[in-house]
Amino acid sequence: MNTSSLIESVKVRFPAAVSAFHAWRGDATVVVRREFLLEVARHLKEDPALKMNYLMDLTAVDYSTFGKKPAPALFSSSGVAVKPAAQIPDEDPWPGPPSSSRFAVVYHFYSTAHKHRLRLLVPVEETAAQLDSLTALWPGADWLERETWDMFGIAFRGHPNLKRILMYEGFEGHPLRKDYPVNRRQPLIGPVN
Amino acid sequence: MAANPTPGTTTAARAEPAQLETRDMLLNIGPAHPAMHGIIRIVAKLDGEQIRSAEVEIGYLHRGFEKMAEVVDYNGVIPYTDRLNYVSPLINNMGYCMAVEKLLGITVPERCHYVRVILSEISRVTDHLTCVGATAMELGAFTVFLYMIKAREFLWELVEKVTGARMTVTYCRVGGVKADLPDGFQEPCRKAFQETRKVIAEAQGLLQRNRIFTDRMNGTGVISAEDAVSYGITGPFLRACGADYDVRKDCPYAVYDRLPFDVPVGTRGDNMDRFLVRMEEMEQSMRIVEAALREIPPGPVLVNPGTGRPIPAAEMVDLAKMGKISAITGGCAVACPTLEGSGRDRHPSIATDEKRVFLPPKEDGYGNIEGLMQQFKLVMHGHGVRPPKGEVYFPVEGANGELGFYVVSDGSGSAYRVRVRPPCFAIMSALHMLLSKDMIADMVPTFGSVNMIGGELDR
Amino acid sequence: MTEYIGIAVTFVLAGGIAGAMVFLSSTLGKKHPSAVKLAPFECGKDPFSLPMGRLAIKFYLTAILFILFDVELVFLYPWAVDFRNLGLVGLTEMGIFLGVVMAGFVYAWDNGALEWK
Amino acid sequence: MQKEPSFLTSRLNEAIGWARKFSIFQYPFVTACCGMEYMATACSHYDVDRFGAGFPRFSPRQADVLFVVGTISHKMAPVLKRIYDQMAEPKWVVAFGVCTCTGGFYDNYATVMGIDTIMPVDVYIPGCPPRPEMVLDGLMKLQDKIQDQHATGRRPAPEARPEILES
């Protein structure tokens, strides 16, 4: 199934759930509301036309400073500001971040039978950073969700043991958030000598 | 758990004697362990020799790759991608660069695709050599390890001839590769493969009918194809269970659809099948490289080498600084051939012609003002490669499975988010299932054949 | 009497070498015990529990089997020293002795004492 | 004041230094990419066994030299410190690779910027990864250090660290 019919089949099946979609650079992408995630995922896995037997990847993106990064002007120290070269023009521009909410959890599915891929974007507010866990459908999601919790602080309801996987226990904060400075260290062992 | 036998049972009836309960021992096979490649901690609940359940703890080599990728610019991320799967670094380079090229919507010339495929496959062979060698060493076959590392040295010399470094190569660039293959690359490549095939045959002979090796590898660490797929396992680990999913065949990229190779598939899904699949894949990778070397389009395309009398580039710059414009008018810069990016005639065949992405050849960079401006714009902080806003996922067949790069760009000089889909992360999440019900000694071959690479697992 | 000198010399030599090693290592490498150093090494982490409590019976069984066949070897040595003089009689005696022990071994093997299950 | 080393003790020190120098039992604390280069150095092509250091011991009790190979993250630092503490004297530490010398280019929340912040280090081998020849050179420097170390474990004073010029 090519990308457009893929998106079409999901849209037709869940009209209420799908809030946006696009196929930029050939990647079929569907933006789904938070409450319908489990249903859509189950449909993706069990529907014979889709048969997404692989949850390839699960991660999150923190869109809080998207496009707000000041473009450094040339020779800013000497006061001469030269605008950097224009972006490479793009005929069908990307429709922008999935929604105004801060986080977007990104699921990549793949079907070995039909050899097609689908990306599911689920916008998540910072205040209610919680989603349904997919470990029931794909056991592989267990560690991926633990890593997303560890790095972004997005919790997953129904996850068997949601605790940090990459960072150590005593670490406060979630390092991949945009507001976590890159070298704020919380060392377990301070300098000895 | 420790049910004490009821006191006072004097005459044990001839029936089954009361089963004395033993308490399960919690053993910590921790990070600093030779079989754990240094950075994995397995807390095993042991009933004597048998592992009842195992809990795997990772993260001991988390170095913040994804955070650093948001700090440096697009080409600055490439040295970090070398250190993801540092046993096959070139595949990570290619994966990341192809993802960013898909984001930019540009394509690289034909020869560059071939160069990338050749070096990726050589890198895959070094990965399998290290994995099989280490597994054999952990089972006591130290000789096989020495032979395999010797073979890897031949291949590293080959990679060093092309990229200049043995392992942390940083060879790829967004929009092309750093330098073309050296002239007459076929000859050293053929010799290295001949040596490597000899070593693989020796190792095959040493291990195939070795009673200890087969007894420990057969029937241990078994996983069914359905479980493997549900955990997201891909690569040789999955192909050993019988499912033949290979990104190079199913979603072909670069020139893999034009190159003849087979995908070895196992049946039982145990350690021996993974060993055999990896040994066969090494042969297939060498076959790909030889086919690619035969079909590769010619390198140097004679572009107008610049009119005028050649002046050494450095001298031209000095003369320009001293204002002696008359001395350099009508001259054309000649860069020393070993200088990176030099060789204007080779440049169009290994790099995209999109001016805003790839550095100009050094002759232009030194020789004329357009080249100088192009180089200046690409090198200055905050400028460099500036792809349009967008998000893209590009899967590549890494040595352990599907290695995907998900890149989100907000149009600025550095990536907004780079996410690596590590293939051995999925295999490690299934490790607790692989280990339970096996003996504690079977953990070593199972963990060896998982081929867990710390840099890729913890990023 | 003279043949016992050989044994005495071996004892003296063995004792001397062992003693020298212990003495040298204690003088050259001074002991600096500390709490962490005396703790058991479990791959860099604190051990969960020292293995008190009951262990699987299998370990004990395997140990006993080993001792049994090791001790049996001890009886072979005197025979092996001058089996030529003992001639056929010695051979048959040792054959019977080995046969009995092998029967025990076959019984243990058959009953699955060697497999771990 | 330490008395003038007499003929006997200096000869004894030299003999002990020589013996220790050529029988290094190394504990390879391998975590990351430098491990690949460590393998290449330890194996037959560059062969660290020529220097007597070819015997890796994976227990701190039996090791003399702790080869810290590869990046040490904050999660790994306590494990490394414990392994170092559990090694028997006389012991030496070799920082193998730039990540152990100064943290390399992983200057972020997760990495220990140089293991000399948590333990004394004898020889630093920079390089990412250092070529096997550099590793062998580092090993020879360690051997010189072991050679002129006194039997009592007293080591020559470390050379002063170059002061950082305030730019």
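Order of writing sets the chain letters: A, B, C and D. Residues in each chain are counted from 1.
In the analysis below, contacts are C-beta pairs under 8 Å (C-beta built on N, C-alpha and C of every residue); 3 or more make two chains touch, one makes a residue touch a chain.
All values derive from a computational prediction rather than experimental measurement.
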Chain closest to the assembly centre - both centres taken as Cα means: B
C-D against B-C, pair bridged by the larger set of C-beta contacts: B-C
Whole-Å gap separating subunit C and subunit D, where each centre is the average of the chain's CA atoms: 37
Chain centre separation in whole Å, for subunit C relative to subunit B (CA means): 48
Centre-to-centre distance between subunit C and subunit A (centres being mean Cα positions), rounded to whole Å: 61
Intercentroid distance (Cα basis), subunit D paired with subunit A, Å: 43
Residue numbers of subunit A (touch at least two other chains): 167-168, 175, 182
In subunit D, residues with contacts to at least two other chains: 75, 78-80, 83, 108-110
Per-residue overlap in subunit B, given as positions that touch at least 2 other chains: 30-33, 59, 62, 64, 67-68, 458
Overall pattern in which the protein chains touch one another (line/ring/star/complete/other): other
Every chain pair meeting the contact rule: A-B, A-D, B-C, B-D, C-D
Of subunit B, residues touching subunit A in the complex: 58-59, 62, 64, 66-68, 70-71, 102-106, 227, 229-234, 243, 245, 250-251, 354, 356-357, 377, 380-383, 386-393, 395, 402, 404, 406, 408, 410-413, 416-417, 419, 421, 425-426, 428-430, 458-459
Interface residues, subunit C side, partner subunit B - complex: 42-45, 47-49, 51, 53-59, 116
Contact footprint of subunit D on subunit B as seen in their complex: 30-34, 37-39, 59-64, 67-68, 79-80, 82-83, 86-87, 130, 145-146, 149-150, 152-153, 156, 166-168, 454-455, 458
Subunit A - residues contacting subunit B, complex: 24-25, 27, 29, 53-57, 59, 61-62, 66-67, 69, 71-72, 74, 84-85, 87-90, 93-94, 96, 106, 108, 112, 115, 117, 119, 138-140, 142-144, 151, 164-168, 175-176, 182
Subunit D to subunit A touching residues, read off their complex: 74-75, 77-78, 81, 107-110, 112, 116-120
